[in-house]
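What follows is a pair of complexes built around subunit A, which joins subunit B in one and subunit C in the other.
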Partner chain A sequence: MNRIIIPIGPQHPLIKEPLSVRLLLEGERVVDSFLRLGYVHRGIERLAEERSFIQNIHLMERVCGICSHVHTTTYCQAAEALLGVQVPERGLFIRTLLCELERIHSHLLWLGVLAKNMGFETIFMYAWQYREISLNIMELISGGRVSHSVNVIGGVRIDISQAQSGEIELGLQKLEERSAQLLNFVQNDRSFHLRTKDIAKLTIDDIKKLCVVGPVARASGLDIDLRRDAPYAAYPQLDFRVYVLEQGDVWARTMIRLLETLESVRLCRRILSRLPHGSISVDTPRRIPPGEAVSRCEAPRGEVLYYILTDGSQNPARIKIRTPSLTNLITLPLQLKGLNMADVSVAISGVDLCISCADR
Partner chain B sequence: MFFLGFIFEWIDRKLIARFQGRVGPPWYQVFADIIKLAVKEDITPLGTNPWLAAGLPLVAYSSVATAAVYNPVVGSTKYSFAGDFIVIMFLLSLPSLLYFLAGWICTGVYSVMGGNRSLLQYFSYEVLFTLALSGAAIASESWSLSGIIAHQVNSGANIIHQLLGFLLAILGLIGKLKRSPFDIPKAKSEIVAGPLTEFSGKKLALWYLSIQLQTVVGICLVINCFFGSWFAAGGAHRFIAWFVFAILVQGLLSLFYAIYARLRIDQLIQLTWKILIPLSLVQIAVLILL
Partner chain C sequence: MTIRDIVKKLITQFRLPAGSQTHIPQNEMALKIDGKLLHSIIESLLENGIWHLTTITAVKKNDNLHLLYHFWMHGGLTLDVPMIEEKKEIISIADLIPGAEFYEREIFEMDNVTFIGKDYLELLFRSDNTDTKT
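Entry: the complex of A and B
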């Protein structure tokens, strides 16, 4: 049978970011696929060595366009560990609140993208409409919808007033209702099941072998979540549920993300009700003593790891960032093999790729 | 007919927008889109026969326009002859074949894939659409549209005993117009725009116009076959009745667009051949036996 190569990307309606996937097709079936990365490499790790620790907070915020707050949180945690400072309770809670809001925003955005890519425009429209609520809340807190600039080394920059907290609560109530609607749809809609069930399956062995993290790993039955396994910020004082499903297909990934969205909304309300009083940050020196530190956080897509090496000057000697998208990207050729061409779009969007994270 | 195409396109977009919780475009947006396309640069892709590339949308448009002439709007047409039903069916299926050819003459992989898919899809919905509408022709024992309408005026609208046939015809029409959920040949997230990927400017505008016109002719055909009795009789109210039915059919098309995910080509073929076509045969069998 004739084999043809179909290029998806670097410019293609499927993925808005530049990733190149070349599919070797036999009829409508994918025989093999080739990944190519690096179209948005910005040299952030090198750039960070030229900037001071404080400037780097803003640089790290720009690693990812969706989970910007998690990146600065991880970076600040590493710097705080090197300095040996303790962030005040209230600061930690506000940090955590934004992390969770970002998770809601990221998951709803992803659901919209998935729905769009499988030709379900209506869900795309509704998911993004609901996502707007979370963006508005974030704007209310920090003034920024995507980049918040909330974190500083030693705490946070912005406090939440009583009036704001009431308004956030209202928004969260609305979000809870709407995400429950979406969850209900994903559980029950037949045409959605037709397109997502048993598509792009990953077994737990594949997951372990390829070091997959985040919702993709949890959808295949691997019970990992850094918020619970290696708690940071305010997570040790909060109780929440980590969802794990066994199926390992795109449907399970959707379910996991929506369940997490709902859990995050509940978590946000818990944080607001338990917000401790006191200061939000401590003063820290500009120079950081020599040493090295590793910090990890659970981003919406999985584990983010920062490694910082310092030599006592104003600038870091080396910063290494490991993002979840890169590890999850490696599973794509495995997932795509043997798929129907029509399912490729669902499989690729099912991983929730962030190419700007992966390339840095 | 030409303006009706624009009006229904607008109604469609407005309805879908409302279903999706959006506001939707203003009425002149549909005209603006076509005008904008028409003044854009017209690129003939490398390796394509320029005459064929220009001819295909032209033939597609003219065949739909010819079908529009024979298809009575509000129950009457000057041009009617025995067997015009079959001619209209043929003229309406021609654009789909040309659509496949459009994919074939382009050298891009997306176009060729889209063309192949549209041909595969052709064999599933075309049978369904024809069978579902034949129910109306069989009931009235006439293969001309004016005969079908006249029969309905005498003995009640076909929709009363052929509700199933009507719904199947709607599904066939969705496949014919390549609308979501049966928009497999032009699935944007997979093969960009299918056969039309390489077309631009005036040629693309002409393709869009022919699809627009096809929508109206299809809607007309369906309401002629199933709602004939209520607007064929004289009086001013028949225009209102016709318009109400047309909007109803358009509303169903928009509703299906909004509430289902795009099917895969194998799922579509299984659905049509295993469920829908047997159902339409049952409908015809019932009609013959009664």
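Entry: the complex of A and C
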């Protein structure tokens, strides 16, 4: 049978950010695929070496437009570790609250993208309408819907008032009801099952070999979550459930993300009900003593790592950013192999790619 | 077996010099090793259940390029491999950990490090008209 190559991207309606996927097809079947990144490579790691530690908070927030807060959290944690400062409890709880709101927003955004790429326009519109609630809450807290600028080295810069807590609680109630509706759809809709079950399967062995993280790993049976396994911020003081499914297909990835959305809503409630009194940050010096630090956090898509090397000056000597999207991208050729062309959009969407994150 | 126990075991097994083990905040163990031992040490890590490579960092320390292999398995472990500046080559670990491929390709393209055993002919991040040797 004749083989043809079909290029998807770097500019393509299926992928919202530039990524090149070249598919080698034999008839309708994908035989192989080749990836190409770098179209939104902004040289952020190099730029960081030219900026002070404080300026870098705002730069790190721009690594990703969806999980901007978790990037600054990871960065600030590394800087705080080098300074040896302890963030006040209230500051840690507010940081954690934003991390969980960001997870809700990211998962609902992703569900909308998946649904749209599969032709489920109604679910796309519902998911993005419900996502607005989480964006509104984040705007209420920080004034920003995408970039929040909440973190500073030594804590957070924005406190939460009693009145705000009440409004957030109302928003969370709506989010819980509406995310449960979406979960019900994913659990029970036959046509959704037909498009997602047994599609782009990854086994736990594949996950381990490729060092995959986040919901993609948990949907294939790997019980890994840094919030529980290497707790940071306020997570050591909070109880929450980590969901794991065995199926390893796009359906399982959808289920995991919706279950996590609901768990994050519950976590936000716990955070608000146990918000400690006191200050939200401590003063820190502008210069960080020489040394190196590694900081890890669980972003909505999985593990984020920041490595910082300092030489005692006002700027870092090196910052390395590792985002979960780059790791999850490695799985794409394996997922696509053997798929029917019509399922390619489901497989690509199912990974929850953020190309800006991967490129940096 | 904890990361600490595994590091102790590696120090004995590979007769690593005193002082090769350090601590990096937050809660990471670091082990300085020779590039020649990298493959064998990673084989040993895999045997001991440490299979999750988070990433590889290329960093200049005192004008010498180092590759840092960040592992995680209920605790962080960073293998610090100093490179010989004029050679800039190291054995690839993608045969042991296929997930290392993108990290190696990034360092190959950005820092001109050659990974022995892997010919990364297709570029991942850089465009075709950029010279990888600049």
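Convention: the second predicted complex is superposed on the first by the 360 of 360 C-alpha atoms of A that agree within 3 Å, B and C clash if a C-alpha of one lies under 4 Å from a C-alpha of the other, contacts with A are read in each partner's own complex, and residues count from 1 in each chain.
As a convention for this text, a residue touches a chain if its C-beta (ideal position, glycine included) is under 8 Å from a C-beta of that chain, and two chains touch if they have at least 3 such contacts.
All values reported here derive from a predicted model rather than from experimental measurement.
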- Message: Looking at A:Asp343 after the superposition, I want to know if it touches subunit B, subunit C, both of them or none. Which is it: first, second, both, neither?
- Response: first
- Note on the structure: Between subunit B and subunit C, the one with more contact residues on subunit A is chain C
- Query: Just subunit B (first), just subunit C (second), both, or neither: which does A:Leu59 touch?
  - Reply: neither
- Query: Looking at the overlay, does A:Leu101 come into contact with subunit B only (first), subunit C only (second), both, or neither?
  - Reply: neither
- Task: Determine where on subunit A the residues touched by subunit B overlap those touched by subunit C, and list them.
- Result: none
- Item | Interfacial residue positions of subunit A with respect to subunit C in the complex | 34-38, 41, 77-78, 81-82, 84, 208-212, 224, 229-230, 232, 291-296, 303, 305, 307, 309, 317-318, 320, 322, 326-327, 329-330, 359
- Message: Which residues of subunit A touch subunit B once you look at their complex with the stated criterion?
- Response: 4-7, 12-14, 28, 115-122, 125-126, 129, 189, 191-192, 194-195, 340-345, 349
- Message: Going by the contact rule set out above, which residues of subunit C touch subunit A in the complex?
- Response: 24-28, 51-55, 57, 59-61, 68, 70, 72, 74-76, 78, 97-102, 122-127
- Query: Within the complex, which stretch of subunit B touches subunit A?
  - Reply: 16, 19-22, 109-110, 112-113, 180-181, 183-184, 187-192, 257-267
